[in-house]
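Common to both upcoming complexes is chain A, partnered first by chain B, then by chain C.
Up next is the complex of A and B:
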């Protein structure tokens, strides 16, 4: 199977590979895995006080398409609010990277990683949001 | 041959005369497969008319598929779940337990490090540990499918085994790369 130029670009020069300290302020982690291929993906976001994702990092063990999908979404989520990030769909990822049908699950994995990271952030900060609202 | 009953509605277990269960007698399975295939072998089609020949070939294909599915533990488990109305959704179900996924990350890191260090004994140690883990999972799966009939939990264990299969491949690649 041949990879598209965009997949190869992200695969050879992955953006934002790495890990944030899970305990740092505003950091949230999404972990997902695809039983179809055994790929595992960790996506971390760093959210500022205004609820905007200012940085993102990933670590993915998987094929080129899985690595490219996660690399791409770290770029896409930066500068987005949490709700905006949740609008990213796997079909957009698959289209951008020209993924063949057998690799669609890699884009599903990346979409679900964003959702998991946002859910983790909300779970961690849920109480704080309520507390802030009560003050007003 | 003429008495052959082509009942295409039979499931894989029925077709090969096996009790539907995860724990099966592989010798009996292979014997049943050989018996049926010997009756529908293409060499015996020569004297048949077109319709009979086509049916025999379809039958042979179905028997083959049944055998291939039932002889592989994970495929057999997936099929058993399917018969009981549970699908694995391997392509779209990405919500594994975080603890399990964290473990997977650690496994992958350990394999990657051993490979980078060209440490054969470390890789063999990982391989042995994985084999023990897989065996424990399979024992659990047998209990879940054959005794408890807890298909939801069984589906989760099968999904986890898929990741472990991938780990086995990764260790083998690493060993080939280091030893070769």
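Up next is the complex of A and C:
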């Protein structure tokens, strides 16, 4: 199997690996996937008073494409408002990383991780949202 | 400087020993005759080489050369043995017994026979990978005509007790077939003593060329087979097709070397395997798959919990190894052998099979240990499952969002 150079770059030099304290003000967590399916993504965002995501971190159990997809979204969500972050689509992730068809589910999972983190933030701050259903 | 990638996949295939290659070459060029040509020197010369190789193959397993039939490899040998005996003896019964952990060449042959109206029992092994003798006995029925159990498992390297299984089959008049593709040169085989009726061999797992194998067909008591390949009536009508003299000469020489050197070689390889095992078992949550005692000396199959198999293979691509995870499709399919041992999907996915061989060095083993240790550490730092495990979370109680 061959990986694109962008996948290899994110895999070899993953951006923003780590964990925030979930109890800190403005921190929210989205965890999606399942070990039996071969991938689990944990995406954390830190949102400032203006509702802008100022930092993001991830941890991922999964293949190279799953690690690269999560690494990429931590870069993309930074500086975006929550609503702007929700506009990131799996197709953009797949295109940026040149994922082959069998790895599209990795980009779907990354999109779901953003939605889950945003939903967690809104739930913590009293806004009711329906969490995205997993697919792919 | 160490040369990478390092080959640690000797159970997939082995390089042809240079001594073997050297012996093969004249049979491609000047000694090119057809061994079936009875009317001239070219044919006689080729036939002599084929018969000498037959003696060399027979000698490794203490059989009569007349009991060795050339085939294209162990897959063909398994097909000929199982289909050939099932077809020939179908008047006696239509039930066969094998194991869930057999090679696909046996499993799929059995599946094919099921489509022809035969009935097959697939036995689950114990968690060690070994067959339980009582369960084996219980599976045999009055209409059972054949049982097939491999000597050495290709994934986990465990050695089945074919001596005891053979006694059970012989007492009941059931034909016993053994796939020994992974066993030659690793385990001593004495077919004069073993109650085995049919045994499959491959050259390329034992430093011979690909594309050549053999089937042992016992003469006393005589085992009959229905041919699967029809034509010129070569190999006593059991397998038609012009003999590949150079391949056969290669297999003979490879098996001669195996017979002469296997004791010393296994000792050296076992030392390297144990060194690898010692190094890798320092890694937390590393689990060996299959029995460690009843095992060939060159195999180590080990799962690393909380890292995903495909990313692990990617991380250690300086090592040519096999993974228990087949990640070629969107739906990850873990090894059916490891699943049969009762391993979870996660552990089956994160398994690596290291198989060491004739040209492996201590330096390569040490490099492999360091590389795996580093990469497992790096991947676990990235793994949310590892964090949860470290926090004491029981992952089996977590409600995962399925996707």
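Rule of thumb we're sticking to: the second predicted complex is superposed on the first by the 122 of 136 C-alpha atoms of A that agree within 3 Å, B and C clash if a C-alpha of one lies under 4 Å from a C-alpha of the other, contacts with A are read in each partner's own complex, and residues count from 1 in each chain.
Following the convention adopted for this analysis, contacts are C-beta pairs under 8 Å (C-beta built on N, C-alpha and C of every residue); 3 or more make two chains touch, one makes a residue touch a chain.
Computed from a prediction, not measured in an experiment: that's the story for all the values here.
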item	value
Which superposed partner A:59 touches (first chain B, second chain C, both, neither)	both
Which of chain B and chain C A:37 touches, first, second, both or neither	both
Touched partner set for A:109, first chain B, second chain C, both or neither	both
Partner chain in contact with A:68 - chain B first, chain C second, else both or neither	neither
Partner chain in contact with A:117 - chain B first, chain C second, else both or neither	neither
Which superposed partner A:19 touches (first chain B, second chain C, both, neither)	second
When both partners are placed on the shared chain, which of chain B and chain C touches more of chain A	C
Touched partner set for A:88, first chain B, second chain C, both or neither	neither
Footprint overlap on chain A, where chain B in one structure and chain C in the other make contact	31-40, 42, 59, 61, 104-105, 108-109, 112
Of all residues in chain A, those that touch chain B in their complex	31-40, 42, 59, 61, 104-105, 108-109, 112-113, 116
Chain A contact footprint on chain C (complex, rising order)	306-311, 314, 325, 327-330, 332, 344-346, 349, 381-387, 395, 400-403
In the complex, chain B residues that touch chain A	88, 90-96, 98, 100-102, 104-105, 108, 158-159, 162-163, 165-167, 169
Residue ranges of chain A touching chain C (in the complex, touch as defined)	1, 3, 11, 14, 17, 19, 31-42, 59-64, 66-67, 101-105, 108-109, 112, 134-136
